[in-house]
Amino acid sequence: MRLHEHQAKQIFAKHGIGIPRGEVATTPEEVEKIAEKLGGKVVVKAQVLVGGRGKAGGVKKANSPKEAREVAEKILGMSIKGHKVEKVLVEEQLEIKKEYYVGYVVDKVNRLPAVIFSRMGGMDVEEIAAKHPDEIHRIYFDPLWGLKDYEVRKALFRAGFSGDEYKQMFDIIKKLAEIAFTYEAELTEINPLAVTSEGFLAADARLNVDDNALYRHPELAELREATEENPLEREARLKGINYVHLGGNVGVIANGAGLAMATMDIINLMGGKPANFLDTGGGLADPEKMKNCLLHVLKDPNVKVVFINIYAEITRCEKVAEGIILALDEAQRKVPLVVKLAGTNEDIGREMLERYSSEKGAEIYFVDSVEEGARKAVELAG
Amino acid sequence: MAILVDENTRVIVQGITGFQGSFQAKRMLDYGTKVVGGVTPGKGGTEVHGVPVFNTVEEAVAETNADTSIIYVPARFATDAIFEAFDAGLRLVVCVTEGIPLYDEMLIHRKLREVKSMLLGPNCPGVISPGKSKVGLLPDRSFMPGNLGVVSRSGTLTYQICENLTKAGIGQSTVVGIGGDPMPGLTFVDVLKMFEEDEETKAVLLVGEIGGTAEEKAAEFIKQMSKPVVAFIAGRTAPPGKRMGHAGAIIEGNMGTAEAKIAALRDAGARVAETLLDVVKGVRGVLG
Amino acid sequence: MRLHEHQAKQIFAKHGIGIPRGEVATTPEEVEKIAEKLGGKVVVKAQVLVGGRGKAGGVKKANSPKEAREVAEKILGMSIKGHKVEKVLVEEQLEIKKEYYVGYVVDKVNRLPAVIFSRMGGMDVEEIAAKHPDEIHRIYFDPLWGLKDYEVRKALFRAGFSGDEYKQMFDIIKKLAEIAFTYEAELTEINPLAVTSEGFLAADARLNVDDNALYRHPELAELREATEENPLEREARLKGINYVHLGGNVGVIANGAGLAMATMDIINLMGGKPANFLDTGGGLADPEKMKNCLLHVLKDPNVKVVFINIYAEITRCEKVAEGIILALDEAQRKVPLVVKLAGTNEDIGREMLERYSSEKGAEIYFVDSVEEGARKAVELAG
Amino acid sequence: MAILVDENTRVIVQGITGFQGSFQAKRMLDYGTKVVGGVTPGKGGTEVHGVPVFNTVEEAVAETNADTSIIYVPARFATDAIFEAFDAGLRLVVCVTEGIPLYDEMLIHRKLREVKSMLLGPNCPGVISPGKSKVGLLPDRSFMPGNLGVVSRSGTLTYQICENLTKAGIGQSTVVGIGGDPMPGLTFVDVLKMFEEDEETKAVLLVGEIGGTAEEKAAEFIKQMSKPVVAFIAGRTAPPGKRMGHAGAIIEGNMGTAEAKIAALRDAGARVAETLLDVVKGVRGVLG
């Protein structure tokens, strides 16, 4: 789960990292008032959970409350990479002398936590690594022992830090690691870390926490804001369906992430466009699950056909068929289905669907391979 | 031969009295796996499908001489179950549980440095050496004995592929599901090394997917392998930044794309199949 | 630092361990009121920081508020092993079915934390170990990894626990270890752990925390109650003087704990009784320190002579002599001193004291060995 | 020979710019100890008594080839300083600092399992091999070269005893102060083993005190020693339950009494002296 900039900053501030003065607003009027409070010169920043908002025009300076209001009118409601901007963060303009970078990540290759810092801030860490490889510094540390002071000292002195900058960096690195471990962050980042006359401030803030650990951090789970996601994805999440919206017209349902991806890939190879990724997961013994998945895919108005690809390792196929039938009975609109059923009692399942198809006039095609299914689905999608 | 499990493997099921544990214990027994015990704290002294249940792994190992454990325990308790299995000195620990927090997994890897056990998973379907032993939830019908080693990050996709192979008369030495988490215990490289050394295995099929760098690391090792490798990568159409079900299946920045993985594998000499049917052709090609 | 029973119980309760209902009182009137609130049948327990208060009559049952008041009149103000009772804990009487034991200790021999539990509660753990060695169960665990659930399960099942007793014990052991690590306890103990129809309750509670770590736990440092200690020891602690009251008449001052103990021992060997242990520690370069130490020892009215035994490894002896002179100038009463000075400038120091002695008539004896000094001091103490 | 330190020992002082660190560095230099560097974060590039100061132990070791460190750092920072010294691969780390929390000390011992360094202390006066090297704050005048190995839990008491020995013409091979904390790094047994193997050492003096079981453990080892041992135990008159200055010097329950220690040492064949003067007699007796 990725937190918004303003949410991450609140957490940073709670742990003693300096942040610019600022407030969140949802209307241009609020933005104007906040800008007045902050002395007029502000930055208005779109709060969206995707990168590149700056280039997309989602971050703008304003030199008066009135200008802030005008800027906010443009930013609020705009769409950045498919995410509608519903909130902005209004912050004081900083007099930035230099921009540094500090980040923390769970390095999955080395299976270790790592702090990364650089004197080259303001650009992506990948870009720094590519353009200034000597200016990227890493501290890998033992997750059991935690980040030791001497490890930070070693890295900072090696990188040539001294004096007050050393002290500020030391402090921020220790706090960032503390935040990471407190909230079980996959990644947290201050970029740029603004060097100002008032000290080091987090000009931007990123904090991605582990979804699997949210049960240990209910205060974070509450921060998840529904407004940002694609509405179909949000609804799926609330229903516990593993769904990703892709924008094509061939709906995909498979049990298993790998199988779903392979199905999408073959649809694409056959010249089609998958509408979504959907992994039903296990538990298909209950027909309700398949019913909910199919009904969900049909909510996407672009979907012209649904390819259901089930390898029933545990479940018997008649339960899957039952779920499909329940969904078709309830569905608001009719779209053709392409069905590949494999596993226990696959014949019974197929028979049930064939009977239903002939009785109710539902358009259901049976296939024996994923390739055949993909070809048929693409053909039906037109 | 085969790798990881065979007819001599003695298995205990942690969480055997739970719904999934009990069901899968039965299926493993039906397959012929030597399921010698189960563990559920507080249920010691009872039986499940004729298998004795113990309160602790320590006790189960002492009484049954088990060398392998399979864990069907909810995510909140699975890490402790893994540690208990390590502590009892088991050779192989298979963890099926999905949704173990990332920081727990970091600590599991930290613990692995201190112990001698191997961990398969978490969030994996397990391992089967067809005709010998199955430790996991892989469906029997997809597999038959043979000389192809299979290692995979996904479940049903692998069953589908293996069923196609089996129908085409191509049997498997061992099929290993390393699981969909970003930091699995045994990795592609670990398993490829075992297949390379296994006499029964003549060729290897690697089923990968987007996310992480496991396939790239595998490619580096494949360069040194004497046995032919066929590969399939799922997720070419996945957009960046979206998690495709598996916690590990996500393209972040420029890392983890199917294109990069396919290129690395091809570069290493592996035959990369475009479709599932191509996989069968590819394997037939290398097995001759 | 050892906490009072009632303080430890508050901490236990905060961490979810069950405790009997009860309140602290300082007067018999309060005790009566509390007993009324608790329904009449209570136990009145002296709050003193020494063991064996039960045998000393510091714990008494009462079956009515009036009786509670009478009992409290006897307990409040009594002296238990030199500790005056100023507070009592008034608790409901429990219907105890069985008494268990649960404790935690940092095992200094094995350098590991250990949980100890037994079905034989109510007596000292040493006594249990002696009388029922098979009924003592220990869980040593890795302080870095912390106490794992499976380690507790293993130990409890090995010890034959099952059902609800297993669950309650598991819970209490985990919480006790959590308390120990939260507050850096050297030792914490529930003895007896009362098995009642309402579950397991901590009928008594002990919590000794590490003095060296108190700076990390200011909330504990505040709990230290001055009233319990020997007044001279309390005063010494507040002044930062390392002083233990022993009750004899030969005052002892040495720099170094080992040297102070050896000095006490030899005084004893010569037939004398040391009045105290006092280790000045380092820092004698400042004459104030020696002055304060000597003045402190002289506050003990039993002291008839003071043996000052200094091995000045860093300090020059003239600074020590200066401190002694400052103290003698300020002292309210005159007692003879026996002085052994070794180290840098020992001659100068001795000369200064000799001059002072002849000018002001102070009784100061110089010795060259600890044995000689002890003999002289014992002689002077009479 | 001697043990732990000799004329080749290369020492860095952690906390060299502090009052005590600077003062003791000077005294060690005056004694002839090879103090080759100092460490104070942020003071790198400066000098103290002509000794170069570095920002980190890593840098100091790289530049000076030091093998030993002595730590004069306040208790709140000492644990980290110890870890830093371990991490830099030093052979011997001497920690003078008093008042390190017990839980830090548990973790220091946990860390010692993972590293190759030896730790002397904390809360110890250090070690001197008279005429060769001094790493610690022991007063020069108390010692002279010779064949008696001395190991002790206390400071000034040991200086006093050694001064008596020196005055009596009995020199020392090495004098080791293991420190007064309840869980010292090097223990009596560790040091006794070294003395047993040291050619220069002909007999050993052990200076113990009440509290803990270190002397009892030492007695067990003394039984197997070929060299004669004289012992002195301080604290016979200490009452139970009262801490005598040192964190470790406390009689708890029946554990840690002087009587028990004396009995164990006598039983092991050590000669236990009653007074300080007896120590000299005892040592003279065994050295012949």
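The first chain written gets the first letter, and so on, giving A, B, C and D; residue counts start at 1 in each chain.
One rule holds for everything that comes next: contacts are C-beta pairs under 8 Å (C-beta built on N, C-alpha and C of every residue); 3 or more make two chains touch, one makes a residue touch a chain.
Nothing here was measured: the structure is a model prediction, and the numbers come from that model.
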| item | value |
| --- | --- |
| Greatest separation from chain B - chain, by CA centre | C |
| Chain B and chain C: spacing of chain centres that average the CA atoms, whole Å | 57 |
| Where chain C and chain D are represented by their mean Cα positions, the distance between them in whole Å | 28 |
| Contacts with 2+ other chains: residues of chain C | 144-145 |
| Topology of the chain contact graph, where touching chains are joined (line, ring, star, complete, other) | other |
| Pairs of chains satisfying the touch condition | A-B, A-C, A-D, B-C, C-D |
| Chain A contact footprint on chain B (complex, rising order) | 23, 75-76, 99-107, 109-110, 137-139, 141, 152-160, 163-164, 180, 182-183, 207, 209-210, 212-213, 217, 232, 234-239, 241-249, 253-254, 258, 274-277 |
| Residues of chain B defined as touching chain C within the complex | 41-42, 44, 55-59, 77, 80-81, 83-84, 87, 111 |
| Complex contacts: residues of chain C adjacent to chain A | 144-145 |
| Residues of chain C defined as touching chain B within the complex | 145, 148-151, 153-154, 157, 162-163, 166 |
| Interface residues, chain C side, partner chain D - complex | 50, 106, 108-109, 111-113, 124, 126, 142-144, 181, 184, 186, 210, 212-213, 215-216, 242, 244, 246, 254-262, 264-269, 274, 277, 279, 281, 311, 313-314, 342-344, 369-371 |
